[in-house]
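Each structure below appears as structure tokens.
Consider the two complexes below, in which chain A is the common component and chain B and chain C are the respective partners.
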Partner chain A sequence: MSADPVALIPDVERPAQAPAPKEHVLRRLARDPLALISMVYLAIIVVVGLGAPLLAPHSPNHVDLTLTNAAPFTSEFLLGGDASGRDILSRLLWATRGTLLACVVVLVVSTVVGVVGGLLAGYFQGRAETVASWVSDAIMALPGIVLLIALYTVIGPSIITAMAVFGLLIAPSNFRLVRAVVAGMRNELYVDAAKVSGLPDWRIIFRHVLLAVRAPIIIQSGFVLAAGIGIQAGLEFLGLGDPRTPSWGGILQQSFTTIYLNRGAVVAPALLVCFTTLAFVLLANALRDVLQSGSRHRPLTSRQLAAARASVVTPEAEPGPADDALLTVRSLRIGYPDGAGGVRQVVSGVGLSVRRGEIHGLVGESGSGKSQTAFAVLGLLPKDAIVLGGSVLFDGADLLADRDAARAARGARIAYVPQEPMSNLDPTITIGRQLTAGLRAVRRLSKREAREHLLRLLGRVGIADPETVFDLYPHQISGGMAQRVLITGAIAGDPDLIVADEPTTALDVTVQADVLELLRELRDERGLGMVLVTHDLGVVADICDTVSVMHDGEIVECQPVRALFTSPREPYTRELLSSALDPEEMP
Partner chain B sequence: MIVYTLRRLGSALLLTAVVTCATFLLIFRDGPSIARAILGEQATQETVDARAVELGLDQPVFSQYWQWLRDLSGGSLGHSFFTGEDVTSMLATRVPVTLIITGVVVLLMGLISVLVGTAAAVKGGWIDRVLQFFAVLGSAVPAFIVAVLLVLTVAVGWGLLPATGYVQPERDLGGWARSLVLPVLAILIGSVGSAAQQFRGAVSDILQQDFVRTLRSRGIGEGRIVFGHVLRSAAAPGLTILGLQTIGMLGGVVLIERVFALPGIGDLAVEMALRADIPVVMGCVLFAVLVVVVVNLVTDVVGAWLNPKVRIS
Partner chain C sequence: MTDATTLLRVEHLDVAYASRRRQAKVIDDVGFDLAAGETLGLVGESGSGKTTIGRAILGLAPVSSGRIEFEGRDVTRLTRRERRGAARGIQAIFQDPYSSLNPAMTIADILVEPIQDVGSAQKRERVRQLLDAVGLPADSGHRHAREFSGGQRQRIAIARALALEPRLIICDEPTSALDMTTQTRVLGLLREIQQRTSVAYLFISHDLGVVRAMSDRTAVLLHGRIVELGSAEQIAEQPEHPYTRRLQLATPVADPVLQAQRREQRLRVLREQGLTDEPKGPAWTSN
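And then the complex of A and B:
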């Protein structure tokens, strides 16, 4: 804790998933070697602290002047003697009791004050909560050790009182946790239900909140104790502890002042403090992994990956791409780690083909794998996605196998129109700058040429005042305008193929029609091929030439749009049509 | 933007006022016992009472606080109980030492965090694992323990650098720099790991945002995306991380100054606390609170300025 512990305590403010049963947690902890070592080490510290009178070879104040500044491992003073001729080992053993006591004090004060304060503030809310939160924030902002030094003038050399004050100073971390949980729970139904059934309020709070915050508080306690031991040793090292009783920090300080006379003497107290704080932090980290592990996915090992790839059946020789095909996807399979060493397939053998000037719709419900297919075509799958097989043929190259070809194609020949216009613009730079960056990445143009080109295109996609919009930041324009900007970005490099992922879903209905119209016009002007991912059959009917229907990672049916709507072959397609479309709206 | 800055400024002043007031009331609460602490157990009650009157400790604590505020408005923080020296001028000789150590550490920490944090977020792999290891280690081991171990090995063991002591820069610039290496290193080792790891988190959050994918789709190279776009967005969270770490470091700096016998504010505070020279301790507290408040203010205002949504509206 180089750093002030109050500021450093990591945020465990996620009132996590229900904690697993207790013995289960311990067993899982024991499987983590670092956690196991930490637990054993801390258990030894506790035993040593409690058993010091029996275990220590000497009393802490036993003096043998012949062993003054004795080096470690050279005399009956195993870890050496201090400047007054006392046994460092015995003093450390006795000092452990002070550390244990301080730990208990810090833990009790910080937990009781934090939890009770959080319960009250979260439950009563209103002005009390505002004040409590302000105080809590103020305390969090302060360098705790400076205040403890100042308070030494009031409390004197009593390390236990100082540690109680430290417990107060660190209580806000628990306070914030509990308050957030209570505030969230207040509004939840089962509290209301319990109210109706006539339970007194405090019981509701205790039962539900304490259960919910138990796991994060246990984890937090590890960090609090590590910080507390560091602070305690620090205060004692500064000479602000009780000089009459041995303490880890005090022994370290005494050894440090004689470091030139007896080098080895600082090693034991320094490492003792070091290992103890480390043990608490490691244990807390391990506990967090065990108690809140829901979100963590381990990446697959290379062997697991090979096994997953081998399990995929490679299709027999497929027909080559049609002569006039711009893009041909064959047997595409994509998966993600399932968290248990296997792979969950989200795209299972998808094939489709797009001609120049064709708008190919890819429809299906969410989770059917249509967006994943689109990203695979763009070569922009998320990092943890695993391509299990298949090919994306574009202009003679397999973009899945040939990363360079994929890179060269992106922006220049294959472009992307995203779903959510606002989140797809870099919020920190102007529209002009981000469009220019994209254009100049694929075309050798001067800044001025790029600007002129882009202004023309912005005008073309229906932006009334391109010059002004060019210098605006994304948050200054509307969603519809942002989508036009993104379309400009897509067509700027003069691509042959556009992959549009739900390009109208986030827009107002009136704007939707305009954007679809724009896409159609651009297709006509430039002979673009287009893959249009959508769940909206209205959009499909409006603009697509061909439609592939996706379900559970597979394409179940592919037909020209009119044929699909009039004579769907698959039951799933019929289901989709009947659930989504009014008969009159069909083309 | 101006309104925001003024609001933050007001809240900073309020925090300073509340904390210094609370501290003052706490440590000046019991005037007679302060006088007793100054004179020692042997002093007679009469001399103690006389000293209390002389130092104004017989006054009610609120009127002492009022006096302190009035002195403060005149630029004075009172006088030492022992030497009678002006607290302001005592602080003035100490502040530069503390600020230089802190400043160098913050600078290096910022630089290393951005480099390592970005590399870990973009490349992942072993850099990421090494960083995680150091983050845990650094945040777990107190800085002063690191300092003691550094003195033991680098200074006493290998004799590479001076163990303790401070050299005035105007006397020997090289010696001054050498006297700062170990202190800076000790604080840095403790804080840079977690700072870099937090920055790594900020960068990898941004890397997962939609706009990064869209920029990639335009054919912009990965390097340009990281340096031209991602780091720009990471500047605001990065600043917050740096601010928090800077404040967090202050406690470590106090201890480090004692380990290396550097004549900074922390050293002064401890020395004066042990002697019950309360006006000087109060001055040190004010300094620490001001550092916290100023760092927070700068982080907030610059962070807001970095965000076009706040800047342009």
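And then the complex of A and C:
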């Protein structure tokens, strides 16, 4: 392909996942009833705060001594009168404005200080981070309410100053959040790409970093506002507010002092503070769900599920499993909710059979359904996967229908070798303990017997010093050795079938060759059947006896390995084979 | 050899990271040069330092000693501002097309990010040209990266690298996250761009097949050193260094009959070399 017509062929790659059109955040929020109620409530509070002069029936200092301590709903003062004969409703409405202003002050101060500090500390790290973290820790160690009371004695009753200081006191929560996000994305390749194209740091921070912290900051703001309301009301309740202007906390405090004379008067200001705090918290929670949840797919109802299952065409009676088959998969269909009440099939009618001593390759590209098929055999499909039909016959039992049989077989008779050896070992437990726990879960052995058995196997899989490796933690061994450990775990229970999901993809080629050699030897020694999922045609050619080629959830072709490579029947197989690059021959 | 066409020259490059007690040398006395329009393959296993060499040339990894020269100018230790002037001719395509594109930005924003000093009409025109150059539909500009498949994303990353009209692109495993058939198309695109623009590639990969298909010359890395450097044919057909031979024979080929022979040959070579286990390298590095 030296003239390269290939590059001019229109791109036929399918998008990884057909993305649902992204709905506007507000519309998605509005679908959550609690969020909707919160938003409407908060909108009303804002309107009331701004429109208090028009809405309030009286001025906040209008006094009618005949209505002193009037109970709610008994006079023209709808929510009752206070100890000085003022209308509680009017005073609450007038106070709303001050509350909103205080909230804005807290939010602005805490966000500006926290975000700027977090951005700088997270992006530049080094000394900037050391200093900023020290200051942040010091602030967090200060007792907030005590500090605010002390502040009152110095500056007098200025609730705005107090709230600004409070904003500073809670800035560390924003700081820590932003620093963590930025430190995480600092090593993202797109930040490197921006550096390579010569962009100055401040531009990278503004374009890339700020975009990444936007969502968590918006969510955090809801909690900051809720805390602001609580603290402001608390300070005023303690009498630290300005007595000349009405405030929610102040009104609550005045009503509280006359609670024996007028029980109902505390209800309105208390509920107002509670509901407003609650609305901010609920809204922040709903925002978190909308902005940060990856999957928006709702699970199917049972009726939708039944409809999906019914729509699957049941195949005609198939021949029973071959006599010597160890594993037979028949007409397997697996789907996932598509988010619109339907099911998207990822495996559509797959059938294969594996004999003892056979290594059966399941080859295909990403999204072809090969891993889903393997996980179905293991009974390890993700939670939202839906088995639409088919059977997995192992030793006379249908593992899909008979959960007990599946559980009994898994680990003991069907073992699993995963793709990423490191992430399949628990970093906090020694290799020996992990292997022992796994083995004793399926075989009744004493700890000592298990240890001896495992040491023998570790030696068998090519680990030079099993005794030492037994007591190491996973981070102390290489990836190739970790895969040998996992293979040890897989064969320890003396299984009949091994399902290996890209067992060498994460390994270097020289290590891969050794691991493939080992798998082949184990197969010969123990007569194991093996399902080997891979995308690498070289691996297929090296180790498989039979190959099933998967494409779009179906097996398009199944042949013995030599026949497949010499005379592929399907165009897709031919395309796949032609894409293999030889390390020695020029294509 | 000072050659008029030499684009990049790397001499005695060392990269070391200070760990808790001692310095860990990741790159040890590496040197090579690269001519305009040429492709040099850099092949090695994890921990061999191949990615670090690319990052050092891009100014993303600290150079301990040695010299990197681009178009006759020393670019070993440039500030970002100096880099914008002297080294904008070096761009990069990274391995992971998922994390190399900011998910929050549109494709048009990603593509014009490097070129900020022109008007918006020119930017639009440039986006159209770049998308066209990598075979993506012209209306892709207003979409986000998540709406594209892995292969399409890698095309976008290639378009971004082309935005500054570079003379050298560091390709760090550009296809190892892609499917086989997609890989074929992306490699074809890279070759077609090279024919059109005479850009040079430093092509970093762990896959000998890919390196063979792309390179004019190949350098083989082991533990931070170049153990063998030669023409792509020579490395593929008559490797001299024992490690290169082991690497060659360990790479499986998509032919069951041939592969069975190679397997035997590999075991024989391992016995000859007195090696039966994996090479000992840093256990935890990844690339």
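Here are a few things to note about the model shown:
Convention: the second predicted complex is superposed on the first by the 373 of 587 C-alpha atoms of A that agree within 3 Å, B and C clash if a C-alpha of one lies under 4 Å from a C-alpha of the other, contacts with A are read in each partner's own complex, and residues count from 1 in each chain.
Quick note on the criterion: contacts are C-beta pairs under 8 Å (C-beta built on N, C-alpha and C of every residue); 3 or more make two chains touch, one makes a residue touch a chain.
A quick note: this is a predicted structure, and the numbers were derived from the prediction, not measured.
Contacts of A:239 after superposition on the shared chain: chain B is touched, whereas chain C is not.
Look at A:438: by the touch rule set out above, it reaches chain B but stays clear of chain C.
Shared-chain residue A:260: touches chain B; no touch with chain C.
Touch criterion met: A:541 reaches chain C, while chain B stays clear of it. With both structures placed on the common chain, the touch criterion links A:423 to chain B but leaves chain C unconnected.
In the superposition on chain A, contact of A:475 is made with both chain B and chain C. By the touch criterion stated above, A:575 is placed in contact with chain C alone, chain B being left untouched. In the superposition on chain A, the residues of chain A contacted by chain B and by chain C overlap at 1, 4, 6-8, 475-476.
The residues of chain C lying in touch with chain A in their complex are 45-46, 58-60, 80-81, 83-84, 87-88, 90-92, 94-96, 99-102, 104-105, 110, 113-114, 135-136, 146-152, 155, 157, 160, 163-164, 179-185, 188-189, 191-192, 195, 206-210, 212-213, 233, 236-237, 246-259, 263, 266-267, 277-279, 281, 283-284. For chain A in complex with chain B, the residues that touch the partner chain are 1-8, 138, 141-147, 149-154, 226, 230-231, 233-234, 237-240, 252, 256, 259-260, 263, 266-267, 270, 273-274, 277-278, 280-282, 285, 375, 378, 380, 382, 407-408, 410-412, 415-416, 418, 420, 423-429, 434, 437-439, 441-442, 473, 475-476, 486, 489-490, 492-493.
On chain B, the positions that touch chain A within their shared complex are 15, 18-19, 23, 26-27, 29-30, 34, 37, 136-146, 148-149, 151-152, 156-157, 163, 186-187, 189-191, 194, 208-211, 213-221, 224, 228-229, 232-233, 244-245, 247-252, 254-255, 258-259, 266, 269-270, 273-274, 276, 278, 281-282, 284-285, 288-289, 292, 296, 306-309, 312. Residue ranges on chain A touching chain C, taken from their complex, read 1, 4, 6-11, 13-16, 19, 188-190, 192-201, 207-208, 211-212, 214, 365-366, 462, 464, 475-481, 508-514, 516-517, 535-542, 561-562, 565, 575-587.
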